[in-house]
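Structure incoming, see below.
We just call them A, B, C and D in the order they show up, numbering each chain from 1.
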Amino acid sequence: MLYEDRVDALVAPKGALEMLSQDEISRMSDDSGSLHSLFRSCALAILNCGSDSDDANAVMEEFKDFDIRIVQQERGVKLQLKNAPASAFVDGKMITSVREMLFSVLRDIIFTYHEYNLERGLDSASSDKITNVVFELLRNANVFRRIQSPDMVVCWGGHSIARNEYDYTKRVGHQLGLRDLNICTGCGPGAMKGPMKGAAIAHAKQRVHTGVYLGLTEPGIIAAESPNPIVNKLVIMPDIEKRLEAFVRTGHGIIVFPGGAGTAEEILYILGILLHPKNANVPFPLIFTGPKESADYFEQIHAFIGDVLGAEAQAKYQIIIDDEVAVARAMKQGLEEVRHYRKAHQDAFYYNWKLYIPEEFQHPFEPTHENVRGLNLNFDQDTHLLAADLRRAFSSIVAGNVKAQGVAYIKEYGVFEIHGDRSLLAKLDALLQAFVRQQRMKLPGSEYIPCYKVVTD
Amino acid sequence: MLYEDRVDALVAPKGALEMLSQDEISRMSDDSGSLHSLFRSCALAILNCGSDSDDANAVMEEFKDFDIRIVQQERGVKLQLKNAPASAFVDGKMITSVREMLFSVLRDIIFTYHEYNLERGLDSASSDKITNVVFELLRNANVFRRIQSPDMVVCWGGHSIARNEYDYTKRVGHQLGLRDLNICTGCGPGAMKGPMKGAAIAHAKQRVHTGVYLGLTEPGIIAAESPNPIVNKLVIMPDIEKRLEAFVRTGHGIIVFPGGAGTAEEILYILGILLHPKNANVPFPLIFTGPKESADYFEQIHAFIGDVLGAEAQAKYQIIIDDEVAVARAMKQGLEEVRHYRKAHQDAFYYNWKLYIPEEFQHPFEPTHENVRGLNLNFDQDTHLLAADLRRAFSSIVAGNVKAQGVAYIKEYGVFEIHGDRSLLAKLDALLQAFVRQQRMKLPGSEYIPCYKVVTD
Amino acid sequence: MLYEDRVDALVAPKGALEMLSQDEISRMSDDSGSLHSLFRSCALAILNCGSDSDDANAVMEEFKDFDIRIVQQERGVKLQLKNAPASAFVDGKMITSVREMLFSVLRDIIFTYHEYNLERGLDSASSDKITNVVFELLRNANVFRRIQSPDMVVCWGGHSIARNEYDYTKRVGHQLGLRDLNICTGCGPGAMKGPMKGAAIAHAKQRVHTGVYLGLTEPGIIAAESPNPIVNKLVIMPDIEKRLEAFVRTGHGIIVFPGGAGTAEEILYILGILLHPKNANVPFPLIFTGPKESADYFEQIHAFIGDVLGAEAQAKYQIIIDDEVAVARAMKQGLEEVRHYRKAHQDAFYYNWKLYIPEEFQHPFEPTHENVRGLNLNFDQDTHLLAADLRRAFSSIVAGNVKAQGVAYIKEYGVFEIHGDRSLLAKLDALLQAFVRQQRMKLPGSEYIPCYKVVTD
Amino acid sequence: MLYEDRVDALVAPKGALEMLSQDEISRMSDDSGSLHSLFRSCALAILNCGSDSDDANAVMEEFKDFDIRIVQQERGVKLQLKNAPASAFVDGKMITSVREMLFSVLRDIIFTYHEYNLERGLDSASSDKITNVVFELLRNANVFRRIQSPDMVVCWGGHSIARNEYDYTKRVGHQLGLRDLNICTGCGPGAMKGPMKGAAIAHAKQRVHTGVYLGLTEPGIIAAESPNPIVNKLVIMPDIEKRLEAFVRTGHGIIVFPGGAGTAEEILYILGILLHPKNANVPFPLIFTGPKESADYFEQIHAFIGDVLGAEAQAKYQIIIDDEVAVARAMKQGLEEVRHYRKAHQDAFYYNWKLYIPEEFQHPFEPTHENVRGLNLNFDQDTHLLAADLRRAFSSIVAGNVKAQGVAYIKEYGVFEIHGDRSLLAKLDALLQAFVRQQRMKLPGSEYIPCYKVVTD
């Protein structure tokens, strides 16, 4: 039997966008220009969720005849799809989770963008304003739940990891799920998928029917890291900075698996925040873990953190190697402390208002060649500020590796130049070289061509 | 045993206002000035829902030491009550429905007012804009439901009606409820309470657990017409015009029981709209009904409509006397036509976007002496425009009777003068005299002192 | 419009009897003989639930052409009704609660009777066996719930009470309902309906959607005391003894309102049990209450109890006059003690296994002339045994008043003769005379003709 | 970190056995003798569900110090476990699904056995009686659902299959799940687990939260084929004959994957029934399928069926090779025919009363050497009777392979002797040899020693 590989369809929304006012419908239907292009590529990432590629351009090329249009009707909007990947359909009917995610994209890209003028990036917004916008975007996506106890474990780690590392992330997720904990990740493959998969099976065993698999992504990366189908709550945050803030304010604890530049960015983000004096007393369980083969990896990371941020930073996390039960128990205990703290401070469980995020971590950083060159990677500043700029350095490398805009910059202007303190850069370079060697920068099969060079002054 | 009649309490929200951003909390906490006074009096109306008085001033006087304040907390807002009526509490705990309604008031008065600048009344808003705001207020109050069939029956009629009339409204409500229909009223006593009570018992008999008893009120009248405790969905619309629009766009059919000036206003409102050529084909079941003792009343109304708006207007409704089963069956059949029409036009069931409301019926009419004098009550205009100004005339009388602002105007400047065509005014005067005689203007016990005079030029 | 007063219908079951094996269906379909006659009259009581009469014979006469048959189908049973009262239908469709109750009758009369051979009355069963059967009948009727706290308040009292007494039962029910308590009664009119009505409204106010209105009845009395439509859980126990056991084992506390012989029977039943030494430490809240006009009534009852059972019996209850809030608070506090006791003894909340019921209160007592004559109403025995025979004396009077079998006996053989101690009988006679004077024996309108005489030896 | 491998625990029931009468509790607590031994071994199979072994004896040996006892308490029964496998617990708390299954075992082994005297095997029961018992056991296990459309797909196939076959069963299950279909299997590993796993993931994608994974097993085999953890409804039928009847009466269609003797038994069972003239018109979708590597396997089965049962039997199924989408579509279409047929005949969806099962397929067949020798495997009889005895032959081989009783027989008396028609036996032998070669008799790793020999007379 031969099956078609393209489908045309008219799809009605479910949930949030079901009941719109005429005003809202007309605002949304103006999908011309850059927003439409953004929406189209994100939608394609969702529809193509059966695929395993992280090469957004290849996907775009394969489905270049795909289009999606918002159709305005009296009762609401519908989506008109042309030449959509057939894998998103069963006997001509769109798979429910795909349909949900598609309308999550519509909600977050078109609808929310108009509401908040997010296209302009909230450039001049105050720190408070940004925190409020992050809150409102998450609330609008129905992420907040009334819970009795903190239970949302953020799992960070690479999209391109070894098989044994992937299996380990599943085992950790399974142990978390057996303890009724939920999972939040960046919602792509690898370490973002494994914990959800493990937790889903564990939830089934524990008859937990309300398991949450929260995926937080951003327009720039969704095409390269398609949401895995286990995700049952998807939010497209406007940029990496708001996405990171969403992670640390909705998550109650963080587990870091092996990964590449993106994971390093995440580590520096959370350490930079926790190092700020205002957060000295805020409990935040943070665990680095991997299978025994990854012990060296974490030793290297641990040493790098000690070298550039000091022992104080090292005290913010614990490293547990090859023991998923110990990880889950340590996290459970850490969450208990979070519970006590929030109770004592009458803080909400669903959003960590109390955590102070310095604005250096909030304002969008555009990885242009000029901006990268301007980073201050020297020891002549507060530790959390150094962490902030190191975070930006890694962020630029991620952009140069997989984000469309970054890839285009590199193509046009050559690699990013990273300047700074000689000894610091030497350690940074060694770390990055190791990532390359371990194939953490890109999915195996394609050779990695660096998008940066380290320049010691 | 002696029980206290005042209670102090700190109350947490339930539902809509549970998860607020810090921005929203701080916006809401600024409850100084006129909004706070408005909120306080509406809150008192809710808390005093055990009472039967329609004399808002007397209630205000009795509980003049009552106060309510918004308390800003990390996790959200709470309400701090001082000297609240004890009838709203059981063993020191606020009755759940009262708590729900209290937060409906907070949501609609403080929260929504800030969002929409409703304090300024949307004065210059376009017709479309108003319709959208009405939609968004109702959606925000969670009024819209996904339904299989139109089922919301609006019941209009007086708050001050005879016992036999009240019993009849219960019997009609009971028959509607037995047929799984829901009830929407202005949420005060009399004809606004009876149908809900009858329907609630019928729903229990039919094991319908999702019965909706929707109360639509406005700040100006809530104090005089406290929501009856059966109301399980309460919305405070900003003014009578938006409230009337909410009735006709969320309701699928209307039943009119005997009443006074307010009921006459409602009749003229719906007839004025249905008479507009653009609505010629829109099905809208409209039934006038009462017990056999009310037959004369409806004959008089019917004659008045014939005299001033003509036979075309008379064709828009049917009159059924003393037969609750026939009323329920006719309504059920009318709703079936509505269903077919909406299906055929792909219109939503939950909001009647298709109904055209001329802007003469939408813009707020402030019943000042000057505005009342300026009404055009002559036959030299389109019928629907005459209906619009007649509606305003009755609206002014309601204001002069029970709304705080109107009562104050009358106190200061004397009665309203209504000008217009001699024969028209004669009929109008006769109708109003009858309302007075039948004690429909005010609850029995207090003598009615007219707030208007008819002036034939 | 003229409406029909008879309806023919074929009705499918809902709930318990939906999925039957072919064996069960064929067992049930043999509905010939006495069971069919019993089923028919109980079914008629349900269908006629709109009526207010307590004259079962009159109802039977009015609907003598009514019939109901079990129809065996492949998928299950259906009920074929001929000439059923139209009040049980809306536009030809049976009201859901009526349908539910109809199948409760089918379940308890035909289905359960066959399972347990209840037709023969479990005559020789042991005390334990009876308690187990009562449990299994209630479980089969889905009466048991998983609850956090004892909350089932049994309300006893007359079916024929004064208007002010009825209004008071509603007020008490309302206060119980406001405190999230549920109601269990004998499910007829008067004091069996008022508390449910009050509680239902209070539950609506408290947004309690799971309120239970449990009606426990018996085939002999259901026709005279049709279940009121608020009852949402109906069980037909095989006889008065098992019905009384069901009351005290599922109820967590009892409130006694004014009533006649039936209420006196109930009072003697619970006192007889509580007086047994084995129950000395079992907490069981028992409150006698009525409006202030009923103060005399309870004084007389109280004196009678003191005279025949002594001060120990008087210590088992409290009397609260005209204070519904005090009643509700006292009950709530009593239930709290029950909660502690059950917790401490690891006893279930849903069935009071711990309560010891002497078998004198369990075995069916058939009120024949011989049996009545044989009652021992002398002081030469244990108090709880005297209570047992007094209970039987009152039970006989109820039977002679309203139960079909008893009424037939009286018609054939004349009044019952009650023998016993002279002083005791004098007090008993005075009490019964008062019941007659106060019209507690029969609904007002019909003159009461005594079915007994007191014979002092 | 070292973790314990044994746990002691006291476990309370959830669901069915929560509310028991004292009678029932005392009946159940008598767990001495053979029932206790049966219960213990089944419980161990459940608790050990993490394991992959099909060697029941090895498991028994490993956990020989395990014991389980029923503890009678006032409120109900509890289970006291000693030295239970730690894999059934998380931080000392039993995994919910394990707990559910454990009480399913208690319900079906102890409770139901006592109710139905199942220990004696219903030996003399009539065909109707057996069908009713099967119904009542399934109903008691809460298997029946009110459904709109037939949706239960039985998947048969080997517990010991090749990796590519297993993956294919997952793909088929996935396609079934994407079409909202549910899965019923024998609940062990291999082809009994794969379809459930695939369907579970598909249900998650389709947001189907009510997916049913029904496992039907029997005491004799549960230890060798531990229920996989996806099973969310488990029933232990008393013997293979009732288990097979449960499959064909609750399932709406059957898919057969590659397997060994057990699968052959199942094929002969369903074909024998469908070949009976009374079932000529009963639609019953039956599909044989496997990956392309299994094409030969099904060719051989197909030829064997043609040879012994004829072309009529071959017409009862279709074979689809290596096309999971085609399988799912064909099943969906077949179920549509079932729906029409049941509708037309007013038959229930939840139990196939209409299917005629000849009593030769119902009465328990005990695989003793004498009984096996007595089988009639000749062509001198009705086809469905030949199928019945062939079914028994395969059943004996399954028993000799993995069931405790059968294994013991073989150990004591040597292999079973199968007699019959020479040509028939030759084909049978060839088929069995192929099963051995393909390692379908036993999980790989252990060498298969035949428990039978074919004896041509």
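In this section, contacts are C-beta pairs under 8 Å (C-beta built on N, C-alpha and C of every residue); 3 or more make two chains touch, one makes a residue touch a chain.
On a predicted model such as this, the values are computed, not experimentally measured, just so you know.
**Student:** Shared numbers divided by all numbers used: is that above or below half for subunit A and subunit B, i.e. same or different?
**Tutor:** Same-residue interface.
**Student:** Tell me which chain's centre, taken as the mean of its C-alpha atoms, is farthest from subunit A.
**Tutor:** When every chain centre is compared against subunit A, the largest gap points to C.
**Student:** So the centre of each chain is just the mean of its C-alpha atoms; given that, what is the distance between subunit B and subunit C in Å?
**Tutor:** The computed centroid separation for subunit B versus subunit C comes out at 45 Å.
**Student:** I'd like the Å distance between the centres of subunit C and subunit D, where a centre is the mean of that chain's Cα atoms.
**Tutor:** Those two chain centres are 49 Å apart.
**Student:** Report the inter-chain centroid distance for subunit B and subunit D in whole angstrom, where each centroid is the mean of the CA atoms.
**Tutor:** Chain centroid spacing, subunit B to subunit D, equals 64 Å.
**Student:** Spell out, as numbers or ranges, the residues of subunit B touching 2 or more other chains.
**Tutor:** As it turns out, subunit B has no residue touching two or more other chains.
**Student:** Going by the contact rule set out above, which residues of subunit C touch subunit B in the complex?
**Tutor:** 1, 3, 90-91, 95-98, 100, 178-179, 200-201, 204-209, 229-230, 232, 323, 325-326, 329
**Student:** Within the complex, which stretch of subunit D touches subunit C?
**Tutor:** 18-19, 21-23, 73-76, 128-129, 131-132, 135-136, 139, 144, 146, 345-348, 350, 353-354
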